[in-house]
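Provided herewith is a single structure, encoded as structure tokens, for subsequent inquiry.
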Amino acid sequence: MKKLSARRRHPLAAIVVLLLALACTGGLYAVFAPADKAQADETAQSLAIDEGKKLYAVGCASCHGTGGEGTTDGPSLVGVGAAAVDFQVGTGRMPAQQPGAQVQKKKNIYSQAEIDQLAAYIASLGAGPSIPTEEKYRDEGADIAKGGDLFRTNCAQCHNFTGKGGALTHGKFAPSLEGVSAKHIYEAMQTGPQNMPSFPDTTLTEQNKKDIIAYLNAVNGDETVDPGGLSLGGLGPVSEGLFGWIFGLGSLIAVAVWVAARTAKAKKS
Amino acid sequence: MSTHESTTARSRGKAPAGERVADWADGRLGIYSLAKANMRKIFPDHWSFMLGEVCLYSFLIIILTGVYLTLFFHPSMNEVEYHGSYVPLQGQLMSEAYKSTLDISFDVRGGLLIRQIHHWAAIIFLAGMFVHMMRVFFTGAFRKPREINWLFGFLLFVLGMFTGFTGYSLPDDLLSGTGVRFTQGAILSVPIVGTYISMFLFGGEFPGHDFVARFYSIHILLLPGIMLGLVVGHLILVFYHKHTQFAGPGKTNKNVVGMPLLPVYMAKAGGFFFLVFGVIAAIAGIASVNPIWSIGPYRPDQVSTGAQPDWYMGFAEGLVRAMPGWEINFWGHTLVLGVFVPLVIFGIFLVAIAVYPFIESWVTGDKREHHILDRPRNAPTRTAFGVAWVTAYMIMLIGGGNDIFATHFHLSINAVTWFVRVSFFVGPVIAFVITKRICLGLQRRDKDKVLHGRESGIIKRLPHGEFIEVHEPLSQEQLYTLTAHEQYKPAEIGPAVDENGVERKAKSTEKLRAKLSKSYYGEESQIPKPTVEEYREITSGHGHH
Amino acid sequence: MSSQDIPEENLPAAQDHAHGEVADEQHPFADPGLPPHEHRVQDIDEKAAKRSERAVAFLFTLSMLATVGFIAAFVAIDHDKSVYVFPIGHINALNFALGLTLGVALFCIGAGAVHWARTLMSDVEVADERHPIEASPEVRAKVHADFKQGAKESAIGRRKLIRNTMFGAVALVPLSGVVLLRDLGPLPEDKLRHTLWNKGKLLVNMNTNEPLRPSDVAVGSLTFAKPEGLEEHDEEFQNEIAKAALMIVRIQPDNIKDKRELEWSHEGIVAYSKICTHVGCPISLYEQQTHHVLCPCHQSTFDLSDGARVIFGPAGHALPQLRIGVNDEGYLEALGDFEEPVGPAFWERG
């Protein structure tokens, strides 16, 4: 101790003390802060649930029942999870506007904060898949080729090779995946909205889902290169046939008309 | 040119080189006699006469680009792992056929362009043949002496369909593989021999390891070889028969009016080859066709929605999609009507248009040569039959793309299928009736035009207050053109008694023929042409018109 | 070049038919004959002709430039470089450049030739005579006589033994060719009736390559499975998966209408063949609310809650169901092979 007290007047002592103090404060903060945050979270959570319940009563209860138990107009929401809410409301499908073969996506009228509140309320009714964190659907660590293979096994039968969508029975259809956010695609696989079957993590792992999303980004993203030129909707031979008839044969017939037409005659003076 | 003269010419070294080469060739091949008949051969000018050229040239383009593709394509179904430049397929298992097609598309410079030219040209080739065939049909160009050439053309169309099918199956991608699977299922449906044919064609169970190699030799050798022979025969007959022409002043059944092969048609037809090639090359540079890389390699347990064949097979696809699922089981056997019936209809439907010329010539009993084309309106029953055929074809094309139609027009796929089922039977009948009405209406208008002249659009007020439209009389050329067509009289059943006065029973074929003939040429089916008397009466009576 | 450049004697001679004819019963109005030739601007105005000449030469020159451009693009552009072209989108630069330059190079040759023909070559319409295709009666008689003579000399009609054996020989010889086709493939035997499935084979998840447990399969989910031991690298993978592919869904047992289906399921987990009974497409467009499954190829629709019977489309019979259970370790297993052939129907199916 003598040594220490002997050096307390060293020019650097003040700095050392300051550093120690900072470290202590930081350490203390680190120890206590999470607890505080958790507390704050919990209150925020219950607040969100309350807010969500209010939103639910206005926008959803008429079909899904006042407690989410479901009615003849809408299924029970107990146990569907926050992911389902985020998908359905986030893509504008819910609240549904009009009855039809299937509820279609439209402009979303809720803010993300409101959606989160609704999701919190529905999640409180029963355990279900939660909203995925961003790293689950980020491209990093994904195998695009494997994703392609998985996509062709699990998804292409309804959504087409590159996710352009396709027909189902009686007017229902699998929508195009163009412009759908990675988060919503992830949630759709998890929850199986409407007639789409779900692909839970037990049969299609988180890594599998990540691969599929990376594949879609590669072949159906904004920057996707169509090496051959116009993709003609990516629909295959039907659009190719139409293009071949209209622009291929059509322009050749136009050329033929020119080749065979009579040349303008000189006007008689 | 006598031998003496030519020797002296050569010794003086004055004959142009080209002439000397031609002389040399003539001494061995007799080209001068050939050229005498053909060098100044006359071809009439009409855009629709160039549809056949579109087909010929796209066929040549397909052969040229196809030869190039064979240099890089490996017709093998050996499994390999992909490590080429297309990222989304890295490390995937695929057949060598699929891999080499990817390599052509991504690693051979210009390979993608040639592949796309080849495929676009095939689509246009078949479309061109369809339209060319319809042109020949609706103008009656198939009549004597051209029935054989009609059959050649028909065979080319059918073989073209199958060459196209075997061709787009070669890359062994998921879409074409699904098509091959469909073909195998259809073969299985054939009673008695189906399973055997399937086993022999695929070298065992589907998909096996052989079909790409087998389709390859069919696609590049067998079918194109036959087609090339038919094309040559088709062209020789076109030259031999000389081209048909539309009626008009100076154009008779005994002549052909137009421009000579050398130089005008040499330049126009030769130039048109480059035009067709240029248009197809530009399309191949702009629009992608059959992007097999985004379709993925074939696996029999994978599939994509919107699984359609190329357009020329769409008609067969429609028949299969619209057919109800009938299946009969008896004595331990299964009759797969749901697949076999469409297969049979497909054949019958095509044969119906192929044999039509023979049916029509039997109905008319006309044994003369015909070189003047009909305007479709002047053969209402034939035109109506053709339109009915095309209607059924188009309905089945819609049926073949029913899922795409459903999604893009927001319809129920079941409703589209039911629409196709019903209208396959109803549509052609309606089309037949309406077309015939329209043809007769147009005939009446022609008659009016001949008798009363052309509506000039000038309204004149007569002294007593009546307003009339001034009709301008037609020129002699127009009058001739509008009345140049022939009108048949319906065939009668022969006399009820033969020359010996013995009563004779009319054969049932004779009765059928008389009936058909009446429906073709009876009062209901054609408007009598104006006669000179009618014309004189009207023009003298209403001189001021 | 105007019409004067072609000497008269080079033109087809027979123009007589192009002149008028008299009216008759069939043709009430007489054929006035070919209208007189009218000159084009180029025929009478040397300046216009020069303009046409320059246009043709310009097109040919443009073609040459485009070919040079084609070669330059081939050499200079990297084969995997992409470029954004409005309104086409992101495309391969080399393909676009090669396609357009080749297109222009070819099109301009054609356009030049046609423009030349249309404006500078003679446009005088000429008529050529047709001759009947049929031979004259004299020729016909001569050919018939010659043929009869030849046939008589060969004695084919008289010596019937020769004729008949020759026909027999020629008719039989193609049979060797037919026989040679026999080894194209094996006989069908019962190959279409069996799949890799048999008792105790585990159901392996297609996605994870892991055997499935009942708890993995949720109501409303869709899973594809293959028999254990079948790997993608196997020589016969394609042939086997073409028959063995499975589609697994879970339906609330109360909602299963078909008694046998319920019996063959495990707690509502049902395993159906993924191969359509129509023509063999992998059917798997499963609608989890209606339990309908649709085939993307020809729209056959099956009701998975009612024995997978056909409710729409061209398929003739229900999808075969695989009987499943759970083994001692808690994994889903097959309790045997399919009881009927999977995939398309065939004559011997019965």
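Chains here go by letter, A, B and C, matching the order in which they are written, and residues are numbered from 1 within each.
Here is the rule we use: contacts are C-beta pairs under 8 Å (C-beta built on N, C-alpha and C of every residue); 3 or more make two chains touch, one makes a residue touch a chain.
The UniProt protein names, listed by chain, are A = Cytochrome bc1 complex cytochrome c subunit; B = Cytochrome bc1 complex cytochrome b subunit; C = Cytochrome bc1 complex Rieske iron-sulfur subunit.
None of these values were measured; they are calculated from a predicted model.
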Inset, instruction - Name the most central chain, where centre means the mean of Cα atoms. - result: C
Legend entry - Label of the chain whose CA centroid is most distant from the centroid of subunit C: A
Inset, instruction - Could you grab the centroid distance between subunit B and subunit C? Build each centroid from C-alpha atoms only and quote it in angstrom. - result: 16
Legend entry - Centroid distance [mean C-alpha coordinates] between subunit C and subunit A, Å: 38
Inset, instruction - Take the average of all CA coordinates in subunit A, do the same for subunit B, and state the distance between these two points in whole angstrom. - result: 49
Legend entry - Contacts with 2+ other chains: residues of subunit B: 106, 112, 116, 268, 271-272, 275-276, 279-280, 283-286, 288, 299, 301-307, 402-403, 413-414
Legend entry - subunit A residues counted as touching two or more neighbouring chains: 153, 157-158, 166, 168-169, 174, 226-231, 259, 261-262
Inset, instruction - Any chance you could list the residues of subunit C touching two or more other chains? - result: 88, 91-92, 95-96, 99, 114, 118, 123, 206, 224, 282-285, 296, 299, 312
Legend entry - In the complex with subunit B, residue positions of subunit C that touch it: 10-12, 14, 17-19, 21, 23, 26-35, 74, 79-80, 88, 91-92, 94-100, 102-114, 116-118, 121-123, 125-130, 132-133, 181-182, 184-188, 191-192, 206, 224, 226, 232-233, 238-239, 241-243, 245, 274-275, 278-285, 296-300, 310, 312-317, 343-350
Legend entry - Residue ranges of subunit C in contact with subunit A within the complex: 38-45, 82, 88-92, 95-96, 99, 114, 118-119, 123, 205-208, 212, 215-218, 220-224, 249, 282-290, 292, 294, 296, 299, 301, 312
Inset, instruction - Flag every residue of subunit A that touches subunit C in the complex, lowest number first. - result: 150, 153-154, 157-158, 166, 168-169, 172, 174, 192, 194-200, 202-205, 208, 223-231, 258-259, 261-266, 268
Legend entry - Of subunit B, residues touching subunit C in the complex: 40-42, 79, 85, 93, 106-107, 109-110, 112-113, 116, 145, 178, 181-182, 184-186, 188-196, 198-208, 210, 240-242, 249-260, 263-264, 267-268, 270-286, 288, 298-307, 317, 320-327, 329, 332-339, 342, 369, 371, 402-403, 413-414, 417, 450, 476-477, 479-480, 483-484, 486-487, 529-532, 535
Inset, instruction - Using the touch rule from the top, collect the residues of subunit A that touch subunit B in their complex. - result: 101, 144-149, 152-153, 156-162, 164-171, 173-174, 215, 218-219, 226-232, 234-245, 247-249, 251-253, 255-257, 259-262
